[in-house]
């Protein structure tokens, strides 16, 4: 278990997140993909902090903050999605076509 | 030498004053006042011109050149400046007198002629502008001044020919006159630019003193070709002559002159006698030594003149419009003057008989041609038509006019002792002395033709039975203001030859000209007899056809069963039509179409394409904004990859 | 004292606008009177200053403005960030151009007396336009210069859009955008000037003391020259002017053709050629080739047009081509001719558009084929138009002839083959000019008059005043060119740096 | 030097939302109290900011990571201006609109959210480590999501908000990813140490970090091709929110870039420069192209603001002093011109739908409004003597100062394109004649005053030297 492995893991996670983002048509699914990407970043922080970083507390601290921030971000996201669900009675992104050129 | 210059100012100031005052104020108020003022002004100008002339010729100073005044106008470099001045030498003094006298008389005539015309005031004002411009041209001390007044002459002729601007024919005639002369002037200007660039001066003294030898060495790039400065001078001289070519309506730029008959008759008479058309001849005469040194440009001038002479005379024989006949006769006479100047060149030597003769002919021709036009004018005024068909039998009705026109006709026909004889004789002599025998023959022939068509006109107009109602009913009478100038002019038409000959022989001495290798040749005594004999024969023919008891005037006049040749001649060799077709439609129209095409389709097209292209790009961008969230998210990823590869990031 | 007055020239119009701001738009007469008065005052002011400058002569020019011989010189720090100063001053050239502007503005105000629409805004815009033009002709600092130079785009479009006729939007956009395109080219090079000169200054005077690196000049000069040339409608950037003019109201046409199009040529001379003489020497002989379109084909295009304003626009194009011919000559006479042409063509085309506008107000058409014989009903305007025409075809006695003869003689002294060819063509093309001008005058004024024009009335006093003043200006230069030529020579001499 | 009182405005602003929102406990929805408090408070903070001497003094607080330099102060001023104008603009939407009913509700919360977003901006400019930096960015962004969705009932609003937050979170993820690599590369989150690390040598890690950082911030700054959310969100969100988005969030984002580029990444600025130039060029070009054929006002403004972002990027090519000066100055004038435009659109939008056609015949009905519109548009297009021109002049000047004439020339030529579509707008106001189907326009006193004030500001700010001089004087380092 080396730094490189962790980085690769994180990168894969990030990639999966991106892929899911592309593939998903369901808003909640997309939110989860985004979560994956954010957590990939977290893994990076942790692993850098654990293996290489000179000031290792910062990484850990960072990841905790990230979790917090992500939480409220998601809260707002869900709120918005709920309000949107009221309109469309579904969570399919394909319906979000009213605003366009 | 004249010691008070102030008089000479008057010559120019008065007409200018008349122009200004009449044009701005008097013209609108009352025609009578305008007319009176015009006559007075031009009278003063004439008197002062005569005074200057008398002073000059009586002074021992004559015939040297002198510059009475020379105001700086515009300076281009050290001692390379354009000036406005008055040059005094026999030639210019003669012209000053001629111009002022003629314009004075024409002004008097116009009182009668323009009576009752709505805008007589405007007429008088422009007429004075006309004579002012011509005077300025005559007095020019340098090419630049000459060009300035040259243009002014052109524009005032435009205004006068198109005076009746509601007549479309008049308007188009004036336009044609202006544009054709303008066309020639553009070459004139080019010539001035080239010559002044080479010589670094506009001054006639400098130009007339030139020798090409100094300019052989350096070369000059004329755009299309690189030539030595000497050749550039020769080209320049020809270009300058082109100005005169157009102004004097030499073939093929002659067509505007007959058409200019659309203007009021006084205008025609002043144009033809003193102010406009002789300007070309005057230009060549003024720059004669310059032309003389400039290679063969004189020979060109000679041939142009000679051809125009015969060409116009032939046409004149067939015309019926009285004013057109006179117009073509003017062309032919101008041809005389031109070729007389040209004929001075024999090989490298230069004989100056032609120069004297030409200037002399300007002098004599002015009077009788002016008179003839005024006569034509009064005939038209009485008969209300230009057509010879409708005239005839006017001898009884208008005796004074009759006799004075007889004098003038004899004068132009070159019958001694009338003025025309002396000058024309000199010219023919010049041709002979210059060993230009072809031109010599043509000249003799043309003098015969001249006599023929002038007497044809004379007989048809005055003799025979009246052919028009107004003559029959006898409304015809002689208007005082219109007859007076005619009678006055008849006198110089008769005498100016006899008296003038002496003056010209003495003062217009070729020796005074600064011309290289000037040779003097003896007279050929037999020439006058030949000329007169030919003229007499022509006179008899004319009499036989149109005046003799058994002449079939009607048959001579009717147009049917004419030979094709006659028709061609009668239609002036279809020159107007050709001009219209070729120049108007093909050249100007063609280039204009092409230019418009380039503008409207090529340039605007490219512009439109650019705009279209930008808009297409815009549509592309907007097309991406489909509103599809997945696609938007995709752009984030694409963006990262894109910049990874395009961003020139070093990894 | 004079210096303060000098600054008033561009401040006064602004003050007028501010003074009129509170007045309600209903009080039209009051507003117009105020604007007319201020226009007159500025005109008198400029006239006085011109006279002063003439009497003072060269030797009293400001020392610190060397090598230029500037009077009324004033230098105040302005924007420290890029060391831009408020530098104004004038030599003969500027002064005459200012005078021209003053006359045209004054005329424009009088001509558009009863224009349709919100007059308050319109006259305010005219004054702003005037400010910008005055500013251009007096500012000696490039930032200041550019600010004034591009200001006009702001007013032009609004005036054309709000008060024009015909294809307003198209014409206005074409004009504004093309001009903006030109000025953006200039702007791009301004930065280059600042940084490449190594002295980090925008002051013309300072910049003229250093020689810019050659490789910079080689790309900067054409960019800047063409940028300026755009507004003087040099081929291939001439396309804006016909459509723009035809869409614009009379006053705007007068200002645009009379003054604004000179700003470009002035910039070419005062900025591009003055600061980058070495490159100018190399490039200009080739620029001449473009003039074949302007000078030779322009008149022919005018020949094929029926709309008075198009005809005039193309005549302006050809006349402005002559300015560039004079510039490209790179000889004192040529430059003097170019400057004279700027001034003379200003008055000339001002007169043209003024008369056309007045005639259009009466006949409600600009199509010459629909007119005819109106000389009988409108003698004054007819004569005015004919005079403009004659001045346009370079009749001696009017300023046009003086300018053209200077340009021709000057251009012929430049012995590059191309220049020679173009000069010869230009001289020969005076015929074409005559053709279209006479054709226009004849079709419009002469011949038979349609019955519908029987009711036309001739010019009012106000209009007559404008026409007379413009004609007098034309005559003044045409008959007494000497003193103007001298003053121009003095101001051109320091700019002969090649 | 240690100057604690520099922190006062920040603390006030931090307290502020709680006060305003808290005031709702004691007063009704309709009451004016929160609005008054907000108004006074914001202006007070702005005034306080002006007392901080621009002398490069730096104070350190809390976890020693809060530093206030003069760039920070000026950015704060920009943000405050934006906030003040924003709530002024929003005010009318909380009163009865065209149809009698208010368009938006809960002004107190609205103001509070705006205050939070502004505070986020404050945080970004005073951060000196990645964490604070990240937090600041989030504090600035998350309220924006809420604001975009302010009208729960509004269908477009919720769609816009959804798009915004989804893409926003992804962008955050990118950015965070970038941060993580940067941390990995430097081994520390402190800017100083990062700077040292970068100076000592670069590695792929660093460049991946840079790439992701630019991607993430490119989203907020609407750089090409990350701008795709902007048109939709700008159009969907309520007008005042759009205005705040286009100024505050852009200002925050550009501040972020400035801090980054002139801070930690300054050693490799030379290598990044071409990348920045490329971003700038593509962005402003695409933004201009997109705006060419728009018919709806706010979408149009979206594209124009995209282009503006591109122009701002040009300034980043210059060195620190010029770049910062130019950006600050430009943000000032951009904020003013933009808000002027949005105020006018607000008035239009109150009575008509926000399209070009609603502007028809404006010059006939409301000349003042038409002139103000023209001024705003010309200022945005960068026509002298309006402030916008001098702003752009600063930007290009800064870009050219390091010899990037190519991109400068390209940007300058794009101005013509920009002018074209701004003219489209002016055309419909000045040329097209009115049709009577349009409802008449009414202006409240406040609106008129604000519009006049802003118009005058746009006209004089550029010409009067004091503004740019003060900013310039500020940068003594």
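Order as written gives the chain letters A, B, C and D; numbering starts at 1 within each chain.
The criterion applied here is as follows: a contact is a pair of C-beta atoms (placed from the backbone, for glycine too) under 8 Å apart; a residue touches a chain by one contact, two chains touch by 3 or more.
None of these values were measured; they are calculated from a predicted model.
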Chains touching chain B and chain C alike, please list them.
-> D
Contact-pair count is greater, between C-D and A-B, for C-D
Most central chain, judged by mean C-alpha position against the global CA mean | C
Please indicate which chain is farthest from chain C, where distance is taken between mean Cα coordinates of the chains.
-> A
Whole-Å separation of chain centres (CA-atom averages), chain A against chain B | 96
So how far apart, in whole Å, are chain C and chain D when each is placed at the average of its C-alpha atoms?
-> 41
How many angstrom between the C-alpha centroids of chain D and chain A?
-> 26
Separation of mean Cα positions, chain C and chain A [Å, integer] | 64
Identify all positions of chain A at which a residue touches two or more other chains, and write them in rising order.
-> 21, 30, 96, 98-101
If you look at chain B, which of its residues touch at least two other chains?
-> 622, 625, 627, 629, 633
Every chain pair meeting the contact rule | A-B, A-D, B-C, B-D, C-D
Can you name the residues of chain A that touch chain B in the complex?
-> 18, 21-22, 25, 30, 93-94, 96-101
Chain D residues touching chain A in their complex are 129-131, 134-135, 138, 142, 145-146, 149, 152, 155-156, 158-163, 165-166, 169-170, 172-174, 176-177, 179-181, 183-184, 187-190, 193, 231-232, 235-236, 290, 294, 299
Chain C contacts chain D in the complex at 25, 78-82, 118, 120-121, 143, 146-148, 150-151, 153-154, 157-158, 161-162, 168-169, 172-173, 176-177, 180-181, 184-185, 187-188, 191-192, 194-195
Partner chain D, residues of chain A touching it in the complex | 7, 10, 14, 17, 21, 27, 30-31, 34, 37-38, 40-42, 44-45, 48-49, 52-55, 58-59, 61-62, 65-66, 69, 72-73, 76-77, 79-81, 83-84, 86-87, 96, 98-101
Complex contact set, residues of chain D against chain B = 162-163, 166-167, 170-171, 174, 202, 204, 207-208, 210-212, 214-215, 218-219, 224-226, 228-229, 231-232, 271, 274-275, 278-279, 286, 289-293, 417
